[in-house]
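What follows is a set of structures to go through.
In the two complexes that follow, chain A is the common piece, with chain B as its partner first and chain C second.
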Partner chain A sequence: MASVTLSGINKWYGGAVHAVRDISFKIEDGEFFGLLGPSGSGKTSVLRMLAGLERPTSGTISFDGTSVEAKTPQERNVAMVFEQNALYPHMSARQNISYPLKIRGLTKAEIETKVAEVASLLNIGHLIDRRASQMSGGQQQRVAIARALVRRPNLLCLDEPIAHLDTLLRARLRGELKRLQRALGTTSVIVTHDPIEAMTMTDRIAVMRDGLMQQIGTADEIYMRPVNAFVAQFFGLHSMNVFTVGNVRDAPELSGQCGAQPVMLPDCVKPHVGAQSRSVLVGSRPGGVSVYKAGEAPRRGAALSLSGRVYVAEQLGDAILVTVQAGDATIQAMTSPDYRFAIDEPVDVVIREDALYVFDDENQRTLRFASGASVSQTDRLATYA
Partner chain B sequence: MNTIAVQGAALPPATRNRDTAAERRATLFLLGPAMTFLALLSIWPFAYLIYASFTSYQLAIPIPIEWVGIDNFTRMMSNPRFWRSLGITVIFALVAVPLQIVAGLGMALLLNGVTRGREVYASLFLIPMMVAPIVVGFSWNLFLNPIYGPLNSFLKAIGLNPPAWAQSPEWALPTLVVVDTWQWTPFVMIVLLAGLNSIPQRVYEAARVDGSTRWQTFVNIVLPMLFPYMMVAFVLRFIDSFRVFDIIYILTRGGPGTATQNLAYYTYDMGFGRFEFSIAGALSIIQLVLLTVGTMAILGFAKRRDKGPISDAPLPPTVFNAAAQSAMGAKP
Partner chain C sequence: MTTTVSPPVADSSLPETETLAARLSVIVKHVVLVVVLALFLLPLAWLLLTAFKPYAELFTSPPSILPVNGTLVNFSDGWAIGGGKGIGDSLIVASISTVLCLVLGYPAAYALARRFPPHGQLSFTILSLRMMPPIVPVIGFYLLFQELSLFDTYTGLVIVYTFMNLPLVIWLLAEFIRQIPKTYEEAARIDGAPWYRLFWDVLFPLSAPGILTAGILAMIFAWNEFLFALVLTGEKVITLPKALASFFLFQQPNWGQLGAIGIVAIAPLLVLSYYMQRFLIRSFSVGSGGR
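== the complex of A and B ==
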């Protein structure tokens, strides 16, 4: 087990692709760390550099304060679980798990004990003599995890280990992986493009985009206080609604336009309206948006309100996700399942001031956060889905 | 979905029968010509071959053809020339084929490490395989000519006293092995290259992370994963090596003496040299049986190796497609 420090890491591929740009962060000993980002964000490159499969173009990586850039994966004592199909197909599960021990020259008895131990830990005792082709995807990944854990690595690297499994199995393995990591205390890094995986399993998450680090923090921090519009939209079960209100005027009331649609704005937005552009970038989680039948919205001051039409309403069981087309903006709202909305039905959309985020019109940085309590619990609880 | 299923079931039986009958006619019409040719050119001659091998059919002597039972076979079994040519055939196969597998594996590994222009190199390496064997024979004949061939001129120039390769009793068979290997190693290479391409990059990376050295990865992971491909190459080359004829005909004519007379050449000599058609027929059938048994033994070995609590991995079905693709420049 080890703490891992990356500082000033850059990775170029062939002089043309700058995949990782000046990344620095520290993973604490025993921590479960998530690298989250869309494809092409450089998260896998970071993991591969941690594992020793690739060398950084510049920057340093150290395990417990010792620099490891020049060391092989074996010298670092890292283990890795790949996306899929990385078992040795001609070997049984037992042979797969034993392989790292065998090439390290352990005796038969030692290997047997360790394999039995890790097999019972992962509940794969009954599969131990099967080959990869005779196991389901979930079973194969379990064997791959066993192979990684059997030699008690300093660092466990997980490259989208459950991304290719079906939904139910993924949900189960999320829990299993988290419990396993807690029980063993192995410092672990998981790469994923799925915010739910990152949120549910890890202690801290680093969000990446285009090779750049966006934000590092706990799931709650990133969810509640995203540093910019990208993180706000990427992180969470449902994307945050982010849209531009232009042509902002102060009189008679603070208002603007979203496309051709007039928008009423709360006063808190005022200091953030661009001096030149007269526009403002606002956002809200679907849980902070209320939808009313046209004309039924209560007249309340401190809220953003606009009119639109229902694009689609999706039944989620304990809630309905309503998508409203209002001017140029597409706004999603999480509403109570009691309401029924028809497609193209005219509606009013209201975002209360305390659920409103404001972003910088130019660099997309967050200028104003919603105050915690106002963000509806529905959206956050709905992350189990 | 349901509607479609119901409609299908509701078709009147008569319609379906008529369809099937029409289909059957179409099948016959389309397959008929090919089947006729097959019957005339393959099945009938084969049946006749079996019949002839049990008779006293000699083309050169106009005696009535008589049924002689297994006489031809027993005569062959007690003929030292038969045993000698069988020995030569087996030695040829057991030396040439492993040589081709090893050399082909080496070439495939080298080529697999090439990132740029792999397809070009692969195509270039395939040239010997695409040349007609008879042309290969003539080319090597010139190359190896003891008097004016370039090889011996060179060897003499550097002060050696080279043998007359194809005409030398000791060197004739090794020479044929070399020629066959030269021509067919590329085939093994392309099969094994397809095998190498089938190993996902992740497996190599998993091995690296597991602490496996390059050599350990090669021995413990790459070779076993290539095994089915090696078996395919081995079986095909093994069968082919039994019927080597062209290069023997051109380079040695089975000689000197009978030093390079394999079963195929011996059969030819019996049939078209002495017109002993029934004997040649018996020889052909013996070869067929030997090859069938041999191939089954090899495949059985390949299967048993994979047995145990672990079920057998099927031979890769697309090995030739893959081989063709990587040969013809499709990116793996």
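== the complex of A and C ==
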């Protein structure tokens, strides 16, 4: 087990692709760290550099303060679980798990004990003599995790280990992996494109985009205080609604337009309206958006409100996700299942001030965070489908 | 087709013509197959039958189809007059050059598969060496071998056959290696395997079908090769094709003995091809079924 420090890491592929741009962060000893981002964000490259499969073009990586860039994966004592083709297909589960120990020259008896230990830990005793082709995807990944853990690595690298499994199994393995990591205390890094995986399993998350680090923090921090519109939209079960209100005027009330649709704005937005552009970038989680039948919206204080039509209403069991087309904007709202909305039904959309985010019109940085508790609850608690 | 509730007109008429067409096409397919097979197998069958006929029976008119007085004497005589030496020499030269092809070819194939684009210039250049007519390099080889005292030696012929088969072996192995996902290699590196164990524990077992296929092909080509053997060897090294040809040189050949040697010459190939076919089919199903 080790703490891992990356500083000033850059990775170029063939002089043309700048895959990782000046990334620095520290993973604490025993921490479960998530690298989250869409495909092409550079997260996998970072993991491969941590594992020692690739060398950074510039920058330093150190384990417990010792520089490791020039060291092989074995010297670093890292283990890795791959997304697919993780097990050697010509070996049984037992041979797969034993392989790293065999390489290290352990005796037969030692290997046997360790394999039995890790097999019972991962509950794969009954699979131990099967080959990869005789196991399901989930079983294969369990064996792959066993192979990674059997030698007690300094760092466990997980490259989308459960991404291609089916939904139920994924949910179960999420829990298993988290418990396992806690129990063993192995410093672990998981790469994923799925915010839910990152949120549910890890202690801290780094969100990446186009090779650039966007934000590092706990799931709550990133969820409640995303640094920019990208993180706000990428992070969470449902994307944050982010849309531009243009043509903002002061009189008679603070208002603007979303396409042709007039929008009433709360006063808190006022300082953030671009002096030149007279526009403002606003956002809200679906849980912070209320939808009313046209004309029924309560006329109350500080809130952003506009009218639109229902694009689609999706039943999620304990909630309904209503998508509203309002001018140029597509706004999603998480509403209680008591309301029923028909497609194309005219509705009013209200976002209360305490659920409203404001972003810089130009560089998309967050200027104002939502404050209310109402922001997130429905979204956070909704079933992951 | 007894008492259906709704027999639409179009439906009942279509299947009949379809089954008729289907049957016809099956019949035509089989006829074509039989003709093609006969074309290939009849000479072979005649060779086989000739091998068991005594000399006197060879030119009877009308010819006997099956040997009347079947004999094995052609085999023992054929072995004695040069067939045995031919088989031995062919085995030596073909097997050594095959092993050399695999040993030299595998690392090259690995580099080609992992470091170069799949259908790039290098890949094509290597394969194109195999497309050269053998008559082109043979003169160069002859002159070189005279200078280097390799004329009429096992070493010389092994070198030539390795040169001849290496491009194909490299190209074939590279194709097989390309199909092995890189994650297996990366997993092995992570597990701490040094490079030689990476090859031994992971790459060789996973490319075994490729190694076998390439090896068998190299073996067959070397076993069958005639031109190089004819030009580059003399009295000391006499491979089987050359031995067979030499029977025509001095007198009316004994066709029975020729048939016997011919049968022995192609028997290993038939066995190898049969096993290669089974192995190839298995390797395909392994590739698609398991990860």
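The criterion applied here is as follows: the second predicted complex is superposed on the first by the 380 of 385 C-alpha atoms of A that agree within 3 Å, B and C clash if a C-alpha of one lies under 4 Å from a C-alpha of the other, contacts with A are read in each partner's own complex, and residues count from 1 in each chain.
One rule holds in what follows: contacts are C-beta pairs under 8 Å (C-beta built on N, C-alpha and C of every residue); 3 or more make two chains touch, one makes a residue touch a chain.
Small disclaimer: the values here were computed from a predicted structure and weren't measured.
Overlaying the two complexes via chain A brings chain B and chain C into a clash. In the superposed model, A:85 lies in contact with both chain B and chain C. In the superposition on chain A, A:179 contacts neither chain B nor chain C. Once chain A of one complex is fitted onto chain A of the other, the partner contacts of A:140 are limited to chain C, with no touch recorded for chain B.
In the overlay built on the shared chain, the residue A:130 is in contact with chain B alone; chain C does not reach it.
After overlaying the two complexes on the shared chain, residue contacts for A:249 are found with neither chain B nor chain C. In the three-chain superposition model, chain A touches both chain B and chain C at residues 51-53, 72-74, 78-80, 82, 84-90, 99-100, 103-104, 131, 133-134, 147, 157. Residues 181, 183-184, 186-193, 197, 201-202, 205-206, 286, 289-291 of chain C are the ones touching chain A in the complex. Listed in rising order, the residues of chain A touching chain C in the complex are 51-53, 72-74, 78-80, 82, 84-90, 99-100, 103-104, 131-134, 140, 147, 157.
Residues of chain B that touch chain A in their complex: 200, 202-203, 205-213, 216, 220-221, 224-225, 227, 309-311, 313.
Those residues of chain A lying in contact with chain B across their complex are 51-53, 72-74, 78-80, 82-92, 99-100, 103-104, 129-131, 133-134, 144, 147, 157.
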